[in-house]
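Both complexes below contain subunit A, partnered by subunit B and then by subunit C.
Up next is the complex of A and B:
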């Protein structure tokens, strides 16, 4: 599982955000477009792409995109 | 894996009762105007029904049952089993099913008990009643599924209050040797018990004065320990993973051709969740009816409410192959395959 692929899938969830600004270090909760509904789309993306069930606590504990990548990675392996 | 098949039992009819009182998310002050449209579009829930003070789940179920029994033309003393599924009973004890046996005027030779399950309750209730009827001794039985899902929510909780409504339903099952019977998949993951929970008021945390104090968890989530605490993200993640697997597992186990199924009735959680499930199963929109727009999430009542409000004509006038799939609090989930042949479906009752 590669971080660049994860970031690309992550970008696909957003409509209004300039996704070129998104990187591993992005603090996603600070994005203008971030909402509880976007969070659900991220969960759906992770389920679809990685067959991983994220919990609410996983989403709440992650700060950056890379944090979330690491959580997903730890559940894949 | 809990796969179950019961021969010689089928659905004779289904009915639903909702309160007249409508509460609309378009005008609910709790939702900030800036978020309103997005919230309604994403959840797919525009309005819900809410009971006035003094009306219980059992009252809604009773009205649904009275009308269904009358339209079926059943004699009340023929009904020998009554199962009441709810998490909003009349009392801590006795079991509400006992009260309903009497209020409905059923025979004292009728077995009656409660099942405490929420969103998954109709599927579990169907398996419970089907198992009783399939034996051929009890030939007519009622499954009453109802909840006051709006009443367990905090009216200050923006994240969950708009999603839940009240309803009571009745599904009538009958012994029929010519029927193909019903097939079930049932499952449980109690490690997720905190994902949807009312922490206080039971015997783990008996009610105290503190149980009535509101706590602000941020992001518009303000509730007491006597209200439902919903971890929406955990439930969403659970449901979009387990519901499709349950339906697929049931079909594989029993050799059901998914394309031949006319209706897929899913528990009505919210549009984003349900549409994710539908797309994962690659089901066409016309086979997946939704009633959540007008009736929201009424816990164990959503599937019969959807059958009555969205498929009344088809169920009355044709042979239908259906799958029901429900998931939620517990965590608990399951699916049922059943076929219906011109069943009795009274008009939606409003009291």
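Up next is the complex of A and C:
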């Protein structure tokens, strides 16, 4: 599981955000487009791509995209 | 799956949170109601007004699922009608951005359904949202609510007249879908994403 693949999947969820600005260090909750719906889209993406079911605690404990990647990775392994 | 949030009556300690939320213009942009800044005294009165049970409306503080039970948002029913066995889903508002995880939102809606259909034993719940609010519309459809119609340009908000969408769910529909396992989290999320994708393709209608 590579972080760049994860970031690419993460970018696919956004419509209005300039995805070129998204990186491992992005604090995703600060993005203008961030919403409950985007969060659900991330949860759905993670489920589909990595067969991991994220919980509310997982979403809340992550600050950056990399944090989220590490949570998903820990559940895959 | 463990609940992300719990629901409790309003308490005095919630005033600061309500004061912040009521003065957050961006947050209020998404709702059907009109925005106006709150004084601290208005926030105190608002919280007091939400406390307890009332004949025609009911508010709950959405709070963290731990010992602290810190408020992160609120939900409410209005127009609780004991003759026609109907209630309006008046608000679902998540003020704490960390709880804008989508899962909290789903739990709030399911809680209101359960309260109306299983606690009150009512026949109908309905809701309304701005037509632009595709997330709310996606949620309504994903929860099997039927779109009843459009109140054209009925709310002036965000510097324009907005169409408002009305949707509803009946008791028999709720129990049928629940029995079929359609209100499992994974299924709801899948339907919300699918519906929202359709809205992106066809924004109006």
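The definition used in the following text is that the second predicted complex is superposed on the first by the 77 of 77 C-alpha atoms of A that agree within 3 Å, B and C clash if a C-alpha of one lies under 4 Å from a C-alpha of the other, contacts with A are read in each partner's own complex, and residues count from 1 in each chain.
Methods note: contacts are C-beta pairs under 8 Å (C-beta built on N, C-alpha and C of every residue); 3 or more make two chains touch, one makes a residue touch a chain.
All values reported here derive from a predicted model rather than from experimental measurement.
Participant: Clash or fit: subunit B and subunit C on subunit A?
Facilitator: Superposition check on subunit A flags a clash between subunit B and subunit C.
Participant: Give one of first, second, both or neither to describe whether A:29 is in contact with subunit B, with subunit C, with both, or with none.
Facilitator: It touches subunit C, and subunit B stays clear.
Participant: Using the superposition on chain A described above, determine whether A:55 touches subunit B (first), subunit C (second), both, or neither.
Facilitator: both
Participant: Go through the superposed model and pick first if A:4 touches only subunit B, second if only subunit C, both, or neither.
Facilitator: neither
Participant: Check the residue A:20 against both partner chains and state whether it touches subunit B (first), subunit C (second), both, or neither.
Facilitator: In the superposition, A:20 contacts neither subunit B nor subunit C.
Participant: Among 5-13, 41-49 or 149-157, indicate the stretch of subunit C whose C-alpha atoms run into subunit B.
Facilitator: Among 5-13, 41-49 or 149-157, only one stretch of subunit C overlaps subunit B, namely 5-13.
Participant: Across the two complexes, what residues of subunit A are contacted by subunit B and by subunit C?
Facilitator: Shared contact residues on subunit A (touching subunit B in one complex, subunit C in the other): 35-37, 39-41, 43-44, 47, 53, 55-57, 59.
Participant: Can you tell me which positions in subunit A touch subunit B when the two form their complex?
Facilitator: Counting only subunit A, the residues touching subunit B are 35-37, 39-41, 43-44, 47-48, 51, 53-57, 59.
Participant: Subunit A touches which residues of subunit B in the complex?
Facilitator: Residue positions touching the partner: 38-39, 42, 159, 195, 219, 231-234, 236-238, 240-241, 272-273, 276, 280.
Participant: If we count contacts the way the header does, which residues on subunit A are in touch with subunit C in the complex?
Facilitator: 15, 29, 34-37, 39-41, 43-44, 47, 53, 55-57, 59-60
Participant: List the residues on subunit C that touch subunit A in their complex, please.
Facilitator: Listed in rising order, the residues of subunit C that touch subunit A are 1-2, 4-5, 94, 97-106, 135, 138, 186, 189-190, 192-193, 196, 200.
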